[in-house]
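Chain IDs A, B and C follow the sequence of writing; residue 1 opens each chain.
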């Protein structure tokens, strides 16, 4: 098992190298050079050159890449062009806020999805099955940033029941587990959970349905096992597939939170990324993308390893 | 990344060797089954209506979607001359929603078509040739898979700057890896069938074998998968515009309209939600059509 | 196209196909960074020849490498090692013939009649594929298809435009045989070609194979796990165990006087219709060992009732014994086995 995890980790090295190349390349996709974003157009040439040298933009590309990689590997993601603060600390605090929201949304989405999906797979009546299928279809089809706006319209504007934006009260300095902060979380959590809810419900339903139609279930019934005992066997068989999809969805949710964070002005990585794009703050863009991609890779690795642990059919080691 | 198991967002379609139970010709029987599926037919009709009205917009007698009026801002639904009201600059909403379909649909469909061509070619090549070629292609795809798709789209668009072309480019890049992966996995599967070995044993060239024996069996699943991507693409394209990374104002586009109308939620909330309804309808129709196709083509989810 | 009919080049004494030292090891899994990789020794230094006009039967338990041999001979998989000579011409070598030319003259029928037919093509399209790929004009290809279908006993008017799923298993296998004949090969490899069929259908197809052989002057390599069928069809029989030949000889010798303990065990495990011919020898025990890590020395020793020290140390070579060749220490004088004749 450990060997398998280790091997997967080694496989990750070339991928991580590719990811770093791509992230580094992001800066050079940008039209013009990044310096022009922070200096006034009429700045003297010496100032521009000095800044270029300071940020290392005057070196040839491979040198720039190696320099950037070397510095980045030490955990130094550079300095924000916009705020002048270290990128690492900006990204770290934003990432924490994103994770809070992500945990809430995945918990909500996955719990509901497992219940709904199992219910639909077991449902004798077509109506329940149809209803759940419709819910999952809506989940994968609804533009979640629009849903976020609709939620704001209903619950904040019309009913005035919940705050429309922000992470907490105006004087709040950071997230805390209290009523006010929780109230701010409700709408973004719901908006963020619809896509994973749709996808995972669909997967749970079809996997359980497929497992139920397998012959071993008939054999268990013939042995006289009752339904709850059989359900345990069925869930055990359906778990690996569902887990894999859940892992992927959790990662996508963090990547997709950018739109929701923008709607709710939630100070997470998405919000940071969005403002960085508009200030053309490329170090922040790079840093955030790198951290999110790194997290996504590690998450996938973890899910893969867990999946092999619960699935006896996948060979280990 | 799930290097070994291609667990895709919408389920990897698998090739079903069992063809139509009766009837002559696979595609004919697919068409017949599609016609008998009312949900798919209705969705196709709705989509056709959306596309047709977007294309024929100039001849529908609509108001000028660009004409602003400081006097007629944010008229509610059902106003005279403006059935769906007016937006924050006094432009006719009905006209903008219908004209908006042009860019929104175009930006959703084009990247998927491009990704289908490029990713399909790469995936079929990787799957058929196997070995090192497969390794090389699929490892490059793994790099793109290390990013959540929304993040990749936003980072690429953010770096390249706003604009229709940049959005199309970044969305195409986002969709190449999943199409490639599905193509690779179905091709590898088809390649494992004895009839491909029999064809190889006949001494036919690789290109002939792919054309005659592989394409016909992999195209169905790949197309089904691609149609399901269109709904994702439409949402993603609208999302980019919503963030100000896609289409530039004053072009009518659903995502962008949703963005600019956000300031109006306190004045006219229903109006502010309208463009999203269009995105939602389009996306759900593509999803249901994809499900219908999947069933008709006998592709396992 | 008819100019493409291969002519006999080496004369009747020249074997049609001569394969020597064929080896195929498949890597499996792998340790960290692919080091310490294990291999399945599917086929290990196998040498065989097929004479013109004969039927060579290949028998063995499943997993012994029979199918790998078939795929190696038609070069669907590339051997790690070994050479092949087709009627005097070395294959895939500078002075010899190309792999493509080999495939013109050697064709194969697969076991799974369904998986070996493209579900999207009609029978006519499937049959015309190879001739067309070799440049036969469409009209002639159509003629060839009709001819092939009648040869395998299917009415062209009735079957040419059907799809595989509209045929029965026996009919599909007839189509597969027709496809193998489409290029007018000299050697046809039949890899468990009748094993999946019902017994009555199997008999019909077997009889058709016998007829086709004499009608078209074919040579067969007939791979099967069914000893009765092999006996019925073969002139010579080759017995395989874990990627190696254990015994090879004329069908009467192998069935009448088997020398290798494995061959004897296989034959005695055959169900007999005659109650007087009860199985006397102890049937073979257990499953074949894992080909990833085959036993040292003689590969059969772990299941052999006569295994001795020498069997673990030395690998027995294939040696002439009477009318057949056997790879067993008991058959070699002075091998050190207690049952062997002293030198």
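Following the convention adopted for this analysis, a residue touches a chain if its C-beta (ideal position, glycine included) is under 8 Å from a C-beta of that chain, and two chains touch if they have at least 3 such contacts.
If you're wondering where the values come from, they're calculated on a predicted model, not measured in any experiment.
Asker: From the centre of chain C, which chain's CA centre is farthest?
Answerer: Computed centres place A farthest from chain C.
Asker: Hey, which chain is the most central one here, using CA centres?
Answerer: Of all chains shown, the one whose C-alpha centroid lies nearest the global centroid is B.
Asker: Please work out the Cα centroid separation of chain B and chain C, and write it as a whole number of Å.
Answerer: Measuring from centre to centre gives 50 Å for this pair.
Asker: I'd like the Å distance between the centres of chain A and chain C, where a centre is the mean of that chain's Cα atoms.
Answerer: Centres of chain A and chain C (C-alpha means) sit 54 Å apart.
Asker: Roughly how far is chain A from chain B, centre to centre by C-alpha average, rounded to an integer in Å?
Answerer: Centre-to-centre distance between chain A and chain B: 21 Å.
Asker: Going by the contact rule already set, what residues in chain C reach two or more other chains?
Answerer: There are none in chain C.
Asker: Can you list the residues of chain B that touch 2 or more other chains?
Answerer: Within chain B, no residue contacts more than one other chain.
Asker: For chain B, which residues count as touching chain C in their complex?
Answerer: 17-21, 24, 26, 193-195, 197-205, 208, 212-213, 216-217
Asker: Across the complex, what residues on chain B touch chain A?
Answerer: 1-5, 7, 9-11, 139-140, 142-144, 146-152, 154-156, 158-161, 231, 235, 238-239, 242-245, 258, 262, 265-266, 269, 272-273, 275-276, 279-280, 283-284, 287-288, 291, 301
Asker: Give the list of chain C residues in touch with chain B in this complex.
Answerer: 71, 74, 76, 100, 103-104, 107-108, 110-112, 114-121, 125-126, 129-130, 133-134, 161, 163-165, 176, 179, 182-183
Asker: Flag every residue of chain A that touches chain B in the complex, lowest number first.
Answerer: 8, 11-12, 14-16, 18-19, 21-23, 26-27, 29-31, 137-138, 140-147, 149-150, 152-153, 157-158, 199, 202-203, 206, 241, 244-245, 248-249, 251-256, 258-259, 262-263, 273-274, 276-278, 282, 285, 289, 292-293, 296-297, 300-301, 303-304, 307, 314
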